[in-house]
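Below, chain A partners chain B and then partners chain C, in two separate complexes.
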Partner chain A sequence: MAQPAPSRLGAVLAPLLALAAILAVWEGLTRALAVPAYLLPPPSAVLAAAAHDAGALASGALMTGRAALIGFLMSAVFGALAAIALGSSRLLEKAFYPYTIFLQTVPIVAIAPLLVLWFGPGLRAVAVSAFIVSVFPVIANTLAGLRSVDPGLRDLFRLYGAGRFATLVKLSIPSAVPSIVTGLRVASGLAVIGTIVGEFVAGFSEDSAGLGILVLSSYRQLRTDLLFAAVLTAAALGLALFGAVNLVGALLLRRWHPSEQNR
Partner chain B sequence: MPLRARFSLALVALFALFAVLFGCSKPADPGGAARIKLALNWVPEPEFGGFYAARDGGAYKKAGLDVEIQGGGAGVPVVQMVAAGQADFGVAGADEVLTARARGADVIPIFAVYQTSPQGIMAHASRGAKGIPDVLASGTLAVELGAPYAAFLKKKHGFDRAKIVPYDGGVARFVADKDFAQQCFVTSEPIAATQKGSDPQVFLVADEGFNPYVAVVITRRALFKEQPDRVRAFARATQEGWRAYLDDPAPANAAMGKLNTSMSAATFTAAAAAQRPLIETDETKKRGLGTMTRARWDTLAQQLVELGILAKAPSAEEYLMAVE
Partner chain C sequence: MPEPHSPAISQPANGGVRVVLRGVRRRFATGVEAIAGLDLDLAAGSFVALLGPSGCGKSTLLRLVAGLDRADAGEVSVGDGTTRPSIAYVFQDPHLMPWRRNLDNVALPLELAGVPVAERHEKAREALRMVDLADAADRYPGELSGGMRMRASLARALVIRPRLLLLDEPFAALDELTRHRLDDQLRALWIELGMTVLFVTHAIGEAAYLAERAVVFSRRPARIVADRTLDLPRERSFSLRADPAFAREERALYEALVRGEAA
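What follows is the complex of A and B.
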């Protein structure tokens, strides 16, 4: 039932052409309708702002990227460990899983100022904010993966007298990897969002501003072009993190898992 | 078991990575000099010019202080940070100081940058308003609901004729709508709106009778008790910095411009000029920059009680001990 595989060239060209078309329409419309630049700047103005403030965007991306990466890695490690702990016993899962959902529903904007008080201003509060926002999908997906191990294989392990640890490490975790990667994909984008929100209230770290501060102050100055440039830079960070997760996932899975074959 | 070993090795490597990522964020541990942290409640702007002038011009160093200025953002909990000891000094509004004290945060004011509150209401000049009552009579007004100044205006003039919407921190809607008015800092939004071709007209809330000190430097009372000399030295060096900034804002503006890249050099200059009459008044010419009087604090406390924000007015003796 295989579909005819699209050519590699097409796979690269199609999204690029779509992007060019969207940018052309955007540029054309803002010019034709004379939309004030502070309401919606044309792509050319955003590009000019990005070039003019390249230094601020680069150092902002560095600050934001570092905090997002720390928050994301914390989510990956603690999220996976928490899910393994919960998955080891139905009782534990029943007792604690409902409270992990709490993490997902926490309005991060409301508690971000408290994070600053609890963890100190700057990087720490920002990274924790990224962690809180991004950990739930890791827990939920890892747990789902651990729960959906092939029962035939589980019986096989039992038949051969495998211990709990061996079953966990050699069967449950490997077969949960695709789900974990899915959770990490979702978490990668959320981590960047959590970072930006954290930066709104956590202020500067070591005398340099992250993208969140840049967004905040350029909005106050009505520099909508710079605001767009900062938002796009943040999106690029999320995309880079997402790409890294995909790459690691593909490397881990391509040998044996159907989801990464036939690509 | 090699598998188990590999598993724990991976964990150790991850934690090491955290240590590296977090580690490089920490500045060198305090050595001999007194390292002091000042937390701002907004990003570096002329509102904080004197602090940067004191840091870069050597006033703090001369006083034996190594001051780190922590730039802020939106809703940074400065008062709580100072109360909790995460910063030694902070910048906040006088009304925030009194409400925080009423909730148990033992912070005290030591220096007031703005003698006249820069809080204002800005409307389009084309509306021909003569004062805040005219602005409140029609159109749309964006204010930070819950802010004491807004409660004061509401009590005095009523908010029932204009359409009241939340303030969003920007001026985009103002520029786009001739009947739109909003709260502002004299030093900020009117300049941004003017640069976008608008004709803003600003009315100070202070002229209506609500005039708290703004950009007040605070510290923990405990810190003042332990090291009164250091706190006083910080206040004096800050005063020196503000004197230098009023005389020549250019060097500090350049330093702040490097941190706050969205604000142009021209805007820095314009804001520094706009705030000057609010900082240097007849009062400060007699008593020195940053001066505070008991009468002003008592008035504010009384007003906050009348607005229902404070249950009872605190006695100034409780918090004005560091004022010379």
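What follows is the complex of A and C.
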């Protein structure tokens, strides 16, 4: 399973070079066209703001990261459990699956105030917002994975007298692991988005003043450079969570799943 | 009869079971009639090859015998009907669990029967030895060749010492040489273990080489167009394929297939 060094280097280098090019063009254009900094600050100004307000960014990242992680973990656990429950009975699936789709279509911005009413402003409401936004892909992918078990193996389990529980634990769930990982990948990005939205509405307390709040306050002060820095930090948080999920997925699947081989 | 002393065996084989089908019909919900009134009696410990055109109902019959599907009419009895005898099934594709190494794939039927881990691993190693896969016990299916996977699948069937072994075109996808080697191994294992074998194949030569008796099916719905006891020696080797007696049996089976196709 040795990786060819050049392609790995390329995988790191290529996006970095692209980023450098984009930043250079951005910097050059904002300067050449004298774009007002409150509309579009040059990258150098964003960097300066990030350095100047490093403390606020760091504590914001911590708050947002914590809420996103809690929401994401709730999605992972409840999403997978819900899917297993739905997958264990056609009747349950028929009865409840349509309503899980509702979770995906619900406009989170519109129900966030409701969350404040139920949970009070703060970490809980924000984390629940992250959960609502990120749980559906976990349910849908897990369910699809549970449903896509090799029918030959199903027959084999039946032939050798496996009960429902043994079939679930030894066949269906392992078969679904690649799909679950896919669901978690999608959920990781969504959890951060759900957190920021949640903070806009419910983040006005000490334990939840994250990057969303920093975005709002820099917007009110027309500190567009800091706004950019906050948005980029939020994106980096999403990337970090995504990377962590990828890592866990790769560890789980490396020995047997084609998606993790020949990379 | 099992041979007096074989190093591969730590316990005596318990012999084959008789399989009787009387007036068996199977009509699918789609209206397709796969089997319309079939009688067949397989002697305990016999090796029977089943030939027939594609789509005539061979796999359907195997599934009925295995108890994976129910007949709409008639009866299927395996063994004396008091205790459920051990039945093993080898599909056309290996159907191994990609997340388990070979040893644990092969041990699956014992695991489902609640055999403790040390004992089932020992038996799985023995079954892997029987198919010359002892070295690959710790490898994953994705790391094996097609022929090795098929042998692992065969080992998984043998690990329970089945009294009835059902094989559905198990070696069809393999190259000629590998197939011949597996044919020889299967034949040797049958002589060693004494189970009843029902072997579905498209290949006339394979049927004649392996079996004691060959049953040829007509086009769907399957009827028996020929039922031959093959007049060939018990000891078979590559040279038999050039024997006039072998050519005679092949010809007879070929003609029966043509008749069944026209019927």
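FYI, the second predicted complex is superposed on the first by the 254 of 263 C-alpha atoms of A that agree within 3 Å, B and C clash if a C-alpha of one lies under 4 Å from a C-alpha of the other, contacts with A are read in each partner's own complex, and residues count from 1 in each chain.
Just so it is clear, a residue touches a chain if its C-beta (ideal position, glycine included) is under 8 Å from a C-beta of that chain, and two chains touch if they have at least 3 such contacts.
Here the structure is a predicted model, which means the values were calculated and not measured.
A.B. asks: Should A:Leu86 be classified as contacting the first partner (chain B), the second (chain C), both, or neither?
C.D. replies: neither
A.B. asks: Once the two complexes are aligned on chain A, which partner has more residues of chain A within touching range, chain B or chain C?
C.D. replies: B
A.B. asks: Looking at A:Gly122, would you say it contacts chain B, chain C, both, or neither? Reply first, second, both or neither.
C.D. replies: After superposition on chain A, A:Gly122 lies in contact with chain B alone.
A.B. asks: Could you tell me if A:Val46 is touching chain B, chain C, both of them or neither one (first, second, both, neither)?
C.D. replies: A:Val46: touches no partner chain.
A.B. asks: With both complexes superposed on chain A, which partner does A:Ile180 reach: first (chain B), second (chain C), both or neither?
C.D. replies: In the superposed model, A:Ile180 contacts neither chain B nor chain C.
A.B. asks: Going by the contact rule set out at the top, does A:Leu171 touch chain B (first), chain C (second), both, or neither?
C.D. replies: It touches chain C, and chain B stays clear.
A.B. asks: Scan A:Leu156 for contacts with chain B and chain C and give back first, second, both or neither.
C.D. replies: It touches chain C, and chain B stays clear.
A.B. asks: Determine where on chain A the residues touched by chain B overlap those touched by chain C, and list them.
C.D. replies: 170
A.B. asks: In the complex, go through chain B and note every residue touching chain A.
C.D. replies: 3-4, 7, 11, 14, 17-18, 21-22, 25, 27, 39-40, 43, 69-77, 80-81, 84, 86-87, 169-172, 175-176, 188-189, 192-193, 195-196, 259-264, 267
A.B. asks: Taking the touch rule as given, give the residues of chain A at its contact with chain B in the complex, in rising order.
C.D. replies: Residues 36, 38-39, 53, 55-56, 66, 69-70, 73-74, 77, 112-114, 116-117, 120-124, 127, 165, 169-170, 199-209, 212-214, 216-224, 226.
A.B. asks: Note which residues of chain A are touching chain C in the complex, please.
C.D. replies: Interface residues on chain A, with respect to chain C: 150, 152-153, 155-162, 166, 170-171, 174, 177, 255-258, 261.
A.B. asks: Given the complex with chain A, which residues does chain C contribute to the contact?
C.D. replies: Touching chain A from chain C are residues 63, 66-68, 87-89, 91, 93, 95, 97-99, 108-109, 111-113, 140-142, 160.
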